[in-house]
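In what follows, structures are represented as structure tokens.
In the two complexes that follow, chain A is the common piece, with chain B as its partner first and chain C second.
For the complex of A and B:
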């Protein structure tokens, strides 16, 4: 009889532990979803001037400047991006378009002005570099929160801000990382820091928020940084002239506009 | 001073031995601090511009020295089975410490640019998972052949060979990484033969094998020398002394080398093998003299005094000349060779000093009982004696023939010397049967080559490399270099531009050409980065600022001679077709560094050989107080050097690093016999005032000592002839050749010359000096 009681007690404790774990995961999932929405889906559309600085391991810098247009087809769902390059000058007028879908088979087109040619392109590797920077395509357009299992590992403080520390493990064997630890600002829900680990549990990349401002009522990360710890390089991306809810026309995100950029936004 | 030293050693043997042991213990205590350096790049000073430039090139283009792993299958290498094995092998190689995982070039790691469904331009891994069908394997092969960056590197044109290129953090781990690769291919490779090649592996493995070779060669030589000495002198207690002297000389020299903070490099690891014979030589003369006279004096002290009295000057001079030979290596602008020369020289001085002090001291401790029969083995009827007598009568009767013959040898040698080919290739430091040599042959027969040089185009201006004129120039130079047979492939920025353009225009082969405006070049390369191509792939050929471009020149042959030809072709081309304004062209790479230091070494060795030749001549004139004798004493050495190097010329053996360094040894050793011969013949003449007596007697004591030396050194190094490493075989052969040639020349030509010119060379002194005193003897002509 005594043994049975013990067992029962253990069972109850076990159940409750499992329960708290489930709760933690649910919280983590909710936080990651909200973070994703804040970070990638502010407003219904957005326009910004972007300056990207690529810094090599030896400290040499390269700069790229482009106008970036985003239109959300649905909140948290499909999106369209339009990128118009201004610098370096020899690639000026190159434009680039992405139709991002939930199913993950994004469509991309590029316009090469020197030969006046539009080509659909596909980089199957979602971890491939975005225009040669340390950011991947996925970092720019967002990795869907449902692709990973999120676990809350604790709360902490970063630069005087209270953060949730959430560990994310890809559900499918994904080569880009084996584990990600995110530090999510409890106030703004923006990721202040993300650390990516490989399967040897070595940190390979580190993302950090450099500047956060409020623009048109939307909390916006205006400067961000990605470090590749393996190569020793890093990339800094700074947004300026940000506008939300400008009423972008879906027409802009078609092949025709790749050749003839929407001057009202790109100039 | 000499007398005091001898007397002290005879009277206080224990103090001498105790001091020697103490100093030896001090130097031996330094051994744990040893640092080993097997990097041949250190043949050049760290601040040498070519080395600095190579370091910069590697940093600017994120390049690493690499190891190539290859597999050759005569029935075709592109099968699912083999590709899948390589897939798994590559995965495992990625986990080896020190491997630059992100830069491995293998079918499973490289990206392919191609046409996708619906006119989509696609960049994706060539082989991102294991495959099942032969069709997939064939497809992978066709994609490699269609890509100028992979073609010839990853696969051979006949599809029989596949290679993986594995960059490593530093060259000095390549032996260790290669060993781990070998374990992986053994485990996962199946029945195929895998080859591991590349200069870093050859160089680093050579370093590793060399030390184990040394651990075997030096003791083996010691053992054989000991055995031979036993055959000659039959008293173990006596012959142990030369061994102790040799060992102490080695320990002092190596101890001082380590103490002074020098690293033990490929060259300095050879110090023991050079010091042992040189230090044994002196001791053999002493023991020989002791042996030959003991039965006359029947008294240890008296015999020792006699032997050292007889030998002090010749030993001083033979040691000084050898020291001069090795010190002259300091004139070669190659730090490890300088260190080697200086410390061998130090060891020789130690050996000389110890053989004058320690030998007598040890002899004093030997009981008279042990010596009872010493020297009783009648030398007058021994084999060596009869051989010497044979030389004696032959030279006497045929001296004209001998002198004429020497003339013929000199003429033939002069011809042979002109046939010498300066060449080197660290891979060829291994015997043909060695796996590294076999890997080299197998992979370079099939693929574009395991030897990688870089031709760097530099400008001060950013974006200069996007200029079509520059790209055309690079492309033209590629075509020019590909005319060289050993250039298996060149890869450069134009190849990437053309490939992207070709694929962008939906694989239209008419677009496989360089565009004519720089914006298009910039945009094509931007497209490459935009479409997910790894920017690192691009930046191995151009710096991110586009101010420098890098052409990979892959060669199937790493012989310095062949590499020099490629370098010369490029330089000629550049001289005749100047590059676009502001662009400079410069070579880099390990094979290039090798030819660079070889050039330095050849000219350096020439000046060190000439200067030591001059120094030795001056020493001889000083020793004999006679220009005539000085000149004659140089003959055996000159003829030996000429004959040996002419032989090398005739058989076509390349004049490489070991051969070059051995000239110092040849010079230092082959003068020795002549010094002993002339000095002692003149001492006998001074004593007897009779040329015939001198001629007769020189073939007895001195002749026997010389012949014993010839045998001990020549045979002692025979084990080295069986080494796996070619330089060791070379060193062993040189010892053999130096001994035999200089021994023969000394015992045939010198007596013949004295026969021919006895009247001019030997004049009765005004005051007949009946004492066999060395110092006062030389005052002739």
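For the complex of A and C:
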């Protein structure tokens, strides 16, 4: 009988522990979802001039400049991206298009103007570097929050802002990181810092928000930074001339506009 | 030629005036040095080097919301065979919208369609193999043509029409810098043997009927882009012969035979990679029966290719092309000795197979690119290997080195004929 009571007590304790854990996870999921929506789905569409500065471990700088258009087919769901390169000279006038889907089988196309060539690109590896920078394709267009298991590990303060600290572990083991720790601003829901760890628990990459501003009523991260701690390199991305809800036509995200850039936006 | 260029430039000026002055003019371009040396000592050409040139390319762009003027002008010192300054307007066009769903591009332009990777079935726009074989940038494989392109987007796909009033052939090795197979001489020749082996066949007469007309209908079918193609014009290589009497009796002269081409293609994402299929029927209009030894036979060509990123910075593709020659018996008869009836020399198989693979490795945050492309035909028993190593030293400066290696068991095959043209090259480019 005594043994039975002990077992029952243990069971109840276990259940309650499991319960708190579930609640914490639900919170973490909700926060990550809201963060994702704020960061990647502001407005129904967006246009911005982007300047990427790639800094190597030796301090050598390279620059990429492009116009980026985004259209959300559905909030939190499918999106389309259009990128028109301006710098450097060897990629100037090249355009690039992504149809991003929930299922993760994104479609990508490139147009090479010097030979009038439209080509689909094999998009199997979302961890590939975006134009040689420390950002991956996935960093640019967003990793879906449902791909990871999120756990709240506590609350903290970062640069005077209250943040939630959330640990994310990929559900599928074949990803570029084993664990990610995000520091989400409790006021804006933007990630102020993200630390990526490998399976030896060593930090390999670090993301940080550099500048956050309000644009057209949307809280927007206008400057961000990604460091590759293995290579010793980092990339800074600065957005300017940002416009939301400009009424982008879905047609822009087709082959016709890939070959004929929408000049009203890419100027 | 000069006239067309002048007309194009005139059009550009008019267009420039028509675009609002508030639009900006962008100027870009590059300076480039290219030096190439031979690996074969016994090449029968007149030049020591395969390339020795300094080039400047200027790109000028001016656009408004609905119209664009673009010019790409190359100016270079060519020290390898011609030893002279050369300039070429590679692109000079006006592009504008007509209503809401028609795009027009008029002027000198580079055109591309079809699915193959360095294999072209339905893309019968002009190619420049003289540039391709000596290490010039990939963009130079495409030769420009003076054309009018109209693309219509009616909502159920897209329709493209390209009219090239004056036939634009492929640019093939002339014998000056690169040697080639000459069927009359029966071997690999170049101007080092005799200046008469300079190879520049006459073009079809400049008249309206001799213009080129190409069309494509393209639409999405599930995850694939599906296209239908049509072309009416001429073979881009001088595959035919004509007897011409220059006064000393009839002499065989190479000509561009009439061609109709009907084709289709499919390309899209498949199993984590990109799959493409393409086919075409080459209707040789001057040899409908396939029994004229002076003219090419009709043929059916099919292609299957697949590309996949196998590791983060490593992409590999493979292609298989099958080329089926119609009326093969009639074709083979053209090679029989008139007295003995025996077949002489190498005669291609009825079905020609061509296999290719491209391997591309990016290193050092994509600053270094290593690439190999191999063409191999088991039926022609020949091969062509392209190697390239490229390093982006800064955003402006790119250093490159590469090689073009040809091999073949017979002198008359597609790549075998270039087997004495093996070369290595170095290139430095400054972009602005």
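Simple rule for what comes next: the second predicted complex is superposed on the first by the 262 of 267 C-alpha atoms of A that agree within 3 Å, B and C clash if a C-alpha of one lies under 4 Å from a C-alpha of the other, contacts with A are read in each partner's own complex, and residues count from 1 in each chain.
Here is the rule we use: contacts are C-beta pairs under 8 Å (C-beta built on N, C-alpha and C of every residue); 3 or more make two chains touch, one makes a residue touch a chain.
Please read all numbers here as calculations on a predicted model, not as lab measurements.
Engineer: Looking at the superposed three-chain arrangement on chain A, would you call chain B and chain C a clash or a fit?
Structural biologist: In the arrangement built by aligning on chain A, the partners chain C and chain B clash.
Engineer: For A:77, select first, second, both or neither according to whether it touches chain B, chain C, the two together, or no partner.
Structural biologist: Neither: A:77 stays clear of chain B and chain C.
Engineer: Does the superposition put A:217 against chain B (first), chain C (second), both, or neither?
Structural biologist: neither
Engineer: Is chain A touched at more residues by chain B or by chain C?
Structural biologist: Touched residues of chain A are more numerous for C.
Engineer: Given the touch rule stated above, what does A:120 touch, chain B (first), chain C (second), both, or neither?
Structural biologist: Both partners.
Engineer: For A:129 in the superposed arrangement: first (chain B), second (chain C), both or neither?
Structural biologist: Once the two structures are laid over each other on A, A:129 reaches both partners.
Engineer: Touch check for A:56: first (chain B), second (chain C), both, or neither?
Structural biologist: Touch partners of A:56: chain B and chain C.
Engineer: Considering only touches as defined above, state whether A:90 meets chain B (first), chain C (second), both or neither.
Structural biologist: both
Engineer: Who does A:256 touch here: chain B (first), chain C (second), both, or neither?
Structural biologist: Once the two structures are laid over each other on A, A:256 reaches chain C alone.
Engineer: In the superposed view, which residues of chain A touch chain B and also chain C?
Structural biologist: 54, 56, 60, 62, 88, 90, 114-115, 117, 120-125, 128-129, 131-132, 231
Engineer: Residues of chain B touching chain A in their complex?
Structural biologist: Where chain B meets chain A, its residues are 59-60, 62, 102, 111, 116, 118-125, 463, 466, 504-505, 515, 517-520, 522-524, 526-527, 529-536, 543-545.
Engineer: Chain C touches which residues of chain A in the complex?
Structural biologist: So the residues of chain A touching chain C come out as 54, 56, 60, 62-63, 87-90, 92-93, 105, 107, 114-117, 120-125, 127-129, 131-134, 231, 233, 255-256, 259-260, 263-264, 267.
Engineer: Considering only the defined contacts, which chain A positions touch chain B in the complex?
Structural biologist: 54, 56, 58, 60, 62, 85, 88, 90-91, 94, 96, 110, 112-115, 117, 119-125, 128-129, 131-132, 137, 230-231
Engineer: Using the touch rule from the top, collect the residues of chain C that touch chain A in their complex.
Structural biologist: 24, 28-30, 59, 61, 63-66, 68, 72, 95, 103, 109-112, 138-139, 141-142, 151, 153, 158, 218, 223, 225, 267-269, 272-274, 307-309, 311-313, 315, 365-367, 394-396, 398, 429, 431-432
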